[in-house]
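By written order: A, B, C and D. Residues from 1 in each chain.
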Amino acid sequence: MCRWAAWSGSPKYLEEIICDPEHSLIDQSRNALSCKTAVNADGFGVAWYGEREIPALYKDVRPAWSDPNLLQIARHVRSGHFLAHVRASTGTATTRDNCHPFTHGRWTFMHNGQIGGYDKVRRRLDNMIPDDLFRDRMGGTDSESLFLIALAYGLKQHPRAAMARAAFEAEALSKHTGSTPHMRFAAAWSDGETLYAARYASDAFPPTLYYREYADGVMIVSEPLDQARDCWMEVPKGHMIEVRAGTVRQTAFLSDEVPA
Amino acid sequence: MCRWAAWSGSPKYLEEIICDPEHSLIDQSRNALSCKTAVNADGFGVAWYGEREIPALYKDVRPAWSDPNLLQIARHVRSGHFLAHVRASTGTATTRDNCHPFTHGRWTFMHNGQIGGYDKVRRRLDNMIPDDLFRDRMGGTDSESLFLIALAYGLKQHPRAAMARAAFEAEALSKHTGSTPHMRFAAAWSDGETLYAARYASDAFPPTLYYREYADGVMIVSEPLDQARDCWMEVPKGHMIEVRAGTVRQTAFLSDEVPA
Amino acid sequence: MCRWAAWSGSPKYLEEIICDPEHSLIDQSRNALSCKTAVNADGFGVAWYGEREIPALYKDVRPAWSDPNLLQIARHVRSGHFLAHVRASTGTATTRDNCHPFTHGRWTFMHNGQIGGYDKVRRRLDNMIPDDLFRDRMGGTDSESLFLIALAYGLKQHPRAAMARAAFEAEALSKHTGSTPHMRFAAAWSDGETLYAARYASDAFPPTLYYREYADGVMIVSEPLDQARDCWMEVPKGHMIEVRAGTVRQTAFLSDEVPA
Amino acid sequence: MCRWAAWSGSPKYLEEIICDPEHSLIDQSRNALSCKTAVNADGFGVAWYGEREIPALYKDVRPAWSDPNLLQIARHVRSGHFLAHVRASTGTATTRDNCHPFTHGRWTFMHNGQIGGYDKVRRRLDNMIPDDLFRDRMGGTDSESLFLIALAYGLKQHPRAAMARAAFEAEALSKHTGSTPHMRFAAAWSDGETLYAARYASDAFPPTLYYREYADGVMIVSEPLDQARDCWMEVPKGHMIEVRAGTVRQTAFLSDEVPA
C-alpha cells in the first residue's frame, strides 16, 4: 500500500503538501495511520503541471524524508495542479520506474492498491496493452499496467469510463486466474485541468480516500493531512470525484455491474 | 553497446579483471576501443559463483569507476567462475533491472548487442516468454528478453541450441517487424560449471569476442584486457565456445540455417 | 540513534544476522523496539573480515530492506567476524560517507549515540585529529570524528583506553561548548581478531547494549535479535566487553574519572 | 577538472544550456574538448534562482546524461539566473555533498580547478573557516573549502576581494605545505543578481573561461557551447568578470600581488 495527495487550485509550493502539514506526505511515509504498512519508504514521486503542456516528473527510490533533492524541489516549485506519492512496495522491485506517478503525454496517474495474484495475471494484463503503448512500459508494477490499459481503453477521451473499465477487466482477470482480494483501488489521474480520483474494492475493504475543499482549491488524499476530521469528506466505495475549476463532482465509478 | 568479461578457472579476485589490467573492464567503461561507444557508464554488474548453488549478483546504475562498493567487492570477493559487465544503453532506461548480468536459478546471462527495431517487436518477444518465466521479467531490455526466451526454449537442458534458437527467433521477428541491423549478438551464459559465449550478427558486423587460455583458466572478453594481441583468440562470427574444466571447445552457433 | 549487530565466531552468512532472525537488523530498520526512533532507514553498512588483511566494506544510503545488492551480499558472503549497522540520522546528511561502519586499515568502528551540541563542537573535534588521519575524514558525522580521534589516541595499540579517552574528551568538549545530553555512546570496534563494544552516557540513559554467547561464537547487539530474553546479557553503563576466540571479558570503560 | 556554465538574463529553460546546444553541458560530460579529462561523469548539479530568495539546488552523483530527473527538471524549470556543473573528481569521493554548486543563503559557488597537495593542506584550510560556517561543511572537497573561506572573508559584502583572498590564501598554503601546481581556478559565484566568474592559476595553465553576450543575457562557460568561436570572449588569466543586468564588467582578480 502507498499514500498519496493531489492538489487542484491556486498555485502552491509542493512543500505545502509534501513537507509542511502536521501529517504531511513525508510524515505519512514514516507513520501512516489508516494503512496496512506504517512505513511507506520504497520510493516517492511528484508530477506537477507548469508552463509546459506536459507535466514535470520527479521520482526516486529513496524514502521521501531522506532525499535532499526532493526537499529542494518541494520548496522551490509552485504549481496549481500536482500529484505526489510515497510508495510501499507490495512485491515488485524498488526501482525508479516502479515509483508513481506515471505519465503519458499530458496525463498522469498514481495508485494505492493491488491486483490479487498479480504474478499470475501479469502477462495477460500486459497483453491488454497495444504495441504503441507497450513501448512505454518501463517497470513491472500492476499500477503501471492499469494506467496503460486505461489509456488503451480511451482514457484521454473518456477519463471516467476508461479507468473504470481497466479496473473492471483487471479484477475479472484476477477472479479468473489470480487470488483474493481481487482488487483494491484508490487512484488519482489528471490531464492538468481536471483531477480525477476513484475508490473501489472487490471486497469490503477499499483503501481510504478523502478530499477537502479550500477557498482556493481542492485537495484529495489517501489520509487526511491534519486532525480537522470534519473538513475531510470520505469518497464512498465504488465512487469517484472529479475536480475542475474548484468544483467537486461525485459520481459512480464501478460497482458489480459492467461499466458502460 | 557494452563491454564484458568472464572467467572460468582457479579462484581470482574480481578486481584482477575488473580493476587491475591495463585495459580492465573499468578502463573500458571510460575508453572502450573496438566499440561504437567509448563510454560504457550506464551501469555495471557482476555475477559470481561461490559456496552457494546459485550465483551472487551485484549490479547498479552508476559508472563502474565511481561506485566505491564495487571496488570493495572486487577487492574482497574471489571466485573461480564469474561474469562482469559494463553497460552503454542503446535506448532503454538506466536502471538496476536493466543492468547485466541477469540470473535465473543457477544460470547467468550477459549480452552486448541489440535487436533491430526493438520498440516494434518488444511485445511479441515478451509473448514468447511463458507465464512462469515472465513473472521474473524485471526490466525492459531486449537482453533480458533473450535470456528468458532461451530459458523457455530449454536453456538448462540445451545450453547451446536454446540460446541459438532465441537469437534466431528474435532476429526473425526483427526481420518481420523491426529494422536493420536485425541482430547483433555477443553474449556469455553459464550454470557455474560450463561457461558459454557466442558471436553472431545478421549482417557483416558482429560485436567483437575474444578468449585467452591461461595456465589456470580461460578468460572471455568483448575486447582484450591487454596488448598481448597474439594471446587473444577471436571467436569467428556465427560460432560459440564453451569452457569447462579449463578446456575450450569451439562449435557453430548460428548461421543462416535454422538451428536444430 | 541507530541499531547495530556484530559477530565473532565460526563463519556465518551475513544474512544470519542481517535478514533471518525474528528481530533481524533489517526488521530493526523498520521496527526498532528499545530506541527513540523506530525507523532506522537512513542508510546501512556492513564490514566483514575475510581472506584479506583489511576488512571489506559495503554501505549505502537506502533503507536496508530495499537494497537488492545488500540482500545478495548478505546471502553469499560468509565471515567469522563482521559488524553491521542500520542508521537513523541525528541531523547530518544521509550520504554513504556518513553511514557506518567506518574503517581504517585493519580497524572498523560503528556507533549508536550522539555528542550533545555537535554543531558547536564539530571544529574542535576535528582539530583533535592529526593531519595524517584527517585526510581520511570522508563525511561529517560525530561518529567518524570519534573513530579518528580514538585512532589519534592510539587505538591500534590501546584499543580500550584510546576509545575511552576519545569519548571522554568529546564529552568534555560538549560540556564546555555543547549541550545536553553531552554523550550517549554504544559502539563496537575491531581489528578482525578482537571485537570490542562499550556502553556509556553522560546521563542516566545510555543506549542499550547486549551480547549473547553461542556454542560457536558471540554476538553483540543494540537490541536482542529474538525473544530469548534470558540469553541476552546486558552490558552495564560505563562498561565494555571484548571478545576474542569465543571468550567474553567485561571491564570498566569510562566513568566520571579520567581514563588512564 | 570539471565543466560548468552559468546564465544571467531573460528566463531560459535549464535545458537550453544543459541539454540542447551542440556542445551542451551534457555533451561536455561525455566529450569535453579543452579539458584534461574528456569524461566529466562524477556527478552534476544545478542551482537556479526563482521566486524565493534563496536558490534551488539539484545535484546528484550520476552522470548528467543518465539521470532522468535532471532531464525533467531541465525541461520544466525556467530561470533568469542559474549555474550548472558537471564534475570530474580530482580525488575526493563521488558523493552528492562533493558535487557543485554549493550554496549558502542567497549565495552559490561552483568551481573547476584544484589546490596542489590538497591532502596535506586540507586541515589548515578547514581551520580558516569559522565555527558558524564550518557547521555547513558537508563534504570533503577543496572547492567547498574555498567557498566557505571566501564567505569567512566577507564574500557577501566584498564579492570580488573575498574570493580573491580565499584563492590567494589557499595558494599560499599550497606553496608552504602542498605541491605544484599550487592553484588552478576557474569559478563562478552569485547572489542571484550579480554573476561573478574568475580565472587564475599559479602557473601558466589556468583552466579555460569564456563568456558570450546575447541580446537577452550573458552566458559564462568553461568551454564554448557551440562552434561560433568568434562570439565567445576569453577571460584572461588573473581576471574576472561580473555580469549585472546584462552588462559585463571585466576587472583584475588576482596576480602575484596580495589582494587588497
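Definition applied: a residue touches a chain if its C-beta (ideal position, glycine included) is under 8 Å from a C-beta of that chain, and two chains touch if they have at least 3 such contacts.
A quick note: this is a predicted structure, and the numbers were derived from the prediction, not measured.
Asker: Pick from B-C, A-C or C-D: which interface has over half of its contact pairs in common with A-B?
Answerer: Most of the A-B contacts reappear at C-D.
Asker: In terms of C-beta pairs in contact, which of A-D and B-D ranks higher?
Answerer: Between the chain pairs A-D and B-D, A-D carries more contacts.
Asker: Once you find the CA centre of chain C and the CA centre of chain D, what distance in Å lies between them?
Answerer: Whole-Å distance between the two chain centres: 38.
Asker: Could you give the separation in Å between the centres of chain B and chain D, each centre being the mean of its C-alpha atoms?
Answerer: Chain centroid spacing, chain B to chain D, equals 40 Å.
Asker: Please output the residue numbers of chain C that touch at least 2 other chains, ranges allowed.
Answerer: In chain C, 68, 93, 96 touch at least two other chains.
Asker: Please output the residues of chain B touching chain A within their complex, sorted ascending.
Answerer: 93, 95-97, 119-120, 122-123, 126-127, 129, 131, 134-135, 137-140
Asker: Name, in rising order, each residue of chain A that touches chain C in their complex.
Answerer: Touching chain C from chain A are residues 30, 39, 41-42, 61-63, 66, 68, 89, 93-94.
Asker: Show which residues of chain A lie in contact with chain D when the two form their complex.
Answerer: Going through chain A, the ones touching chain D are 48, 50-52, 56-60, 68-69, 72-73, 75-78, 96.
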